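The structures considered in this document are given below.
Consider the two complexes below, in which chain A is the common component and chain B and chain C are the respective partners.
After this line comes the complex of A and B, so read on.
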């Protein structure tokens, strides 16, 4: 009887501890040097989009924030995460609005539902240039229902519209749910990491990738920062 | 003296010949010429009608090296030695994206699609019409090109689309086709007269970032051919399956089959130099396409009539 109680207590403690201990990796992605000036996009060929922008929008290859922050950087656990394998049931949405892709970089889990909408008055063709996944190309006139797709393999997929050549974006398909995309200040946060050794990778579409190794032992928050060297052009 | 020396000479010659033949017999059976084929060839098959093609057959290996590798490359990646001078570039089999299919965008073509493409060639490109090889050889080559991409291992070919029977060619059909051409914004690339001069035409690139031009329907002569076949069914397939690897998308989700046929009929009239039923119908109408009038009964209109008749009492 007593042995049973002790065993039960130990079991609860063991199970409880794995649930209790979950660390966080957070930090900031910044750049050094001077990034190339992002060109203004001339949407003259598509007046219905041009008039949606009071000032011309800039190319989004490198998006910076205050204090040398770097946005649109995908920070994710590239190794060490117990692969959740859990596909989120909620879809991620990719909007075509004002002849731009919103968000510019969309991260998702393998097999997660992807919904693509066209909120413009003009047709777009959505053409993700996948090389590992299937490459498809679909027309999406205004007023048609969202296109629903999914990707079965991890890949960084460049997305474009052939009709509007300035439109460019990314689908980042990952096989982990531990990811974040920096926005508005270069900050990222990867919570709910059980104790273990992890490799965190940061990816920026033009500057490449950087990795950092981090170990979580309990509930702590580990500070990991990434600094990319800006390219002059 | 002379007698001895001539026989001695013959003997020496004989020995030399024998030595020569011996060394030849011990050499390899296949001479080492040209780039080496891949050492291990995956066993892949193709099935077209009642012909089965095999990637490991002699046909496949030698025919590919003789006819195909010069453009498509020994590794099937489109980087054959001729490729630098070609535009459009030869297909890269390693990514398994194909232009001319009967299957939906993003899916693999059927064996028959590939068989037909090899036999038909690709108009306005350097892919010849391979009617010089037997059907069995063609089937073997279809099997062979599958060795270059891992997609063929696990993925099945897409389901071929159903092409409904073609409705009659009427002026109304052509008129609706024209309305669709405008509504679906085909003119953005193809231009208002289908001459490949739309506003986006100059910026088009294919999936490997090579500049590419949209199809020009109005090319001269009775010879304006489409890449993937010249029948109305082939045109129907092009915009229902998209031309993968190029800017041409699939309209399968946004166009109804009957509407698609109307668009085909209109497109034929853009081929101004080609004799066709569509051009006959159009010239019978003095070359003028009337604006399309949508005759679909509108439920809201019927209700409004009821209301107005009630209100007018």
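After this line comes the complex of A and C, so read on.
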């Protein structure tokens, strides 16, 4: 009887401790060298969008921040965290506004609901160029309800608009909820990581991917930084 | 009943001619050096066709009037001279009319298509693709970089497929979404399609030229008035055809140089 109680207490301690211990991986993504100049986008053929921008918007292939920060980098746990298969119930939203995709890079979990809205006075025809998932394109006149979709397999999907050639973005479908997209200062934070060995991957649409291995033992915050080499063209 | 029909024909013929003769809907302002020749040709064609139309309608009305109210048992009259005579007459009449239009109009066509561009014409390249027009200027080196279709990356604003990393000539090429030209300077527009058939149409320039996939075409023109004009695609090219347009900016030489400089800096 006593042994049972002791065993039960030990078990609770073990399970409890694994739940109590959750570390964080955080850091900054930066670049070295000089990135190619991002060209201004000419929206002349769509006056209703052109007039929404006092100065022409810039291409978003490489978005930088202060202190050589690199934005729109998806940082995620690529191995080590068993996917709990938990699909977030909240949908992610992709906006078409001012003839731009906002955000430029949208990360989501497989099977997570994706809502695509059109806030412009013109029709758009969103065409995610999926190769692993189902490829589709959908027309969306102004004032129509959002398109609701989801992706069943992990993939980095390039998104374009069939009507406005300059519109471009990304859907990053992952089979983990441990991800972050750098914004503003190149910073990312991956909390709630139970003790274990992880591979963290950073992906930038033009500069490729980089990985780093990190081990979490308890409640600590591990600092992991990524540096990408900028391309001149 | 038949006579009423004859009267209706005459009324319709006259009523429909009035707005055309009175020139209610004139053509848009002509800003091209060859515009006058084209407009004259269209004008003459309209007159020839118009007169033939009214004449044909009147003759039709005459016959309807004459032979209306024919009894059930009346015999059909035969054609005077027989059908063969009429066919030959029609052939000669209509044929000579069209031949005349063609001969008179050849000058208008030739100045646009058969005359080569001037040696000092400004060469600009136009690419039509679903569903926008993009224009390329050679830049200070005066040379166009090579086009590499496999390098086309619209999301990265590389619409033409240039390779500035390896191709020095491509580095200073200027790509724009609008066609800016200096006023009173001949422009030689090199045209190709990225994908399917499109067409370049500026009504004020009196130019309409198809982009044929696989062909490198060219059209030259001289704009004579500054201003902003619309370039519309006039060849059905897909679901965005209705939205496919660009703007032609005819600028003074000074403004054009400034425009070019601004674009190069962007």
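Just so we're on the same page, the second predicted complex is superposed on the first by the 231 of 233 C-alpha atoms of A that agree within 3 Å, B and C clash if a C-alpha of one lies under 4 Å from a C-alpha of the other, contacts with A are read in each partner's own complex, and residues count from 1 in each chain.
Going forward, a contact is a pair of C-beta atoms (placed from the backbone, for glycine too) under 8 Å apart; a residue touches a chain by one contact, two chains touch by 3 or more.
Owing to the predicted nature of the structure, the values given are computational and were not obtained by experimental measurement.
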Practice task
State whether chain B and chain C clash or fit side by side on chain A once the two structures are superposed.
Solution key: clash
Practice task
Once the structures are superposed on A, label A:122 by its partner contacts, choosing first (chain B), second (chain C), both or neither.
Solution key: both
Practice task
Scan A:139 for contacts with chain B and chain C and give back first, second, both or neither.
Solution key: both
Handout entry: Touched partner set for A:79, first chain B, second chain C, both or neither
Key = neither
Exercise for the section: Tell me which partner A:41 touches in the superposition: chain B (first), chain C (second), both or neither. Expected result: second
Problem - Which of chain B and chain C A:131 touches, first, second, both or neither - result: first
Practice task
Give one of first, second, both or neither to describe whether A:225 is in contact with chain B, with chain C, with both, or with none.
Solution key: neither
Practice task
Please indicate which partner A:163 is in contact with in the superposed arrangement: first for chain B, second for chain C, both, or neither.
Solution key: both
Practice task
Figure out whether A:217 sits in contact with chain B (first) or chain C (second), or with both, or with neither.
Solution key: neither
Exercise for the section: Using the touch definition from the top, say if A:192 reaches chain B (first), chain C (second), both or neither. Expected result: neither
Exercise for the section: For chain B, sort through 163-171, 199-207, 271-279 or 289-297 and name the stretch that clashes with chain C after the overlay. Expected result: 199-207
Problem - Common interface residues of chain A - those touching chain B in one complex and chain C in the other - result: 45, 122-123, 125, 139, 162-165
Fill in the blank from the handout: Interface with chain A, chain C side, in the complex: residues 129-133, 154-157, 159, 164-165, 176-178, 239-240, 243-247, 266
Problem - chain B-facing residues of chain A, complex - result: 45, 122-123, 125-127, 129, 131, 134-141, 144, 147, 162-165
Handout entry: List of chain B residues in touch with chain A within their complex
Key = 95, 97, 104-107, 183-185, 188-189, 199-200, 203-205, 207, 242, 244-254
Practice task
Going by the contact rule at the top, pick out the chain A residues touching chain C in the complex.
Solution key: 39-46, 56, 59, 61, 122-123, 125, 139, 158, 160, 162-166, 168, 206, 232-233
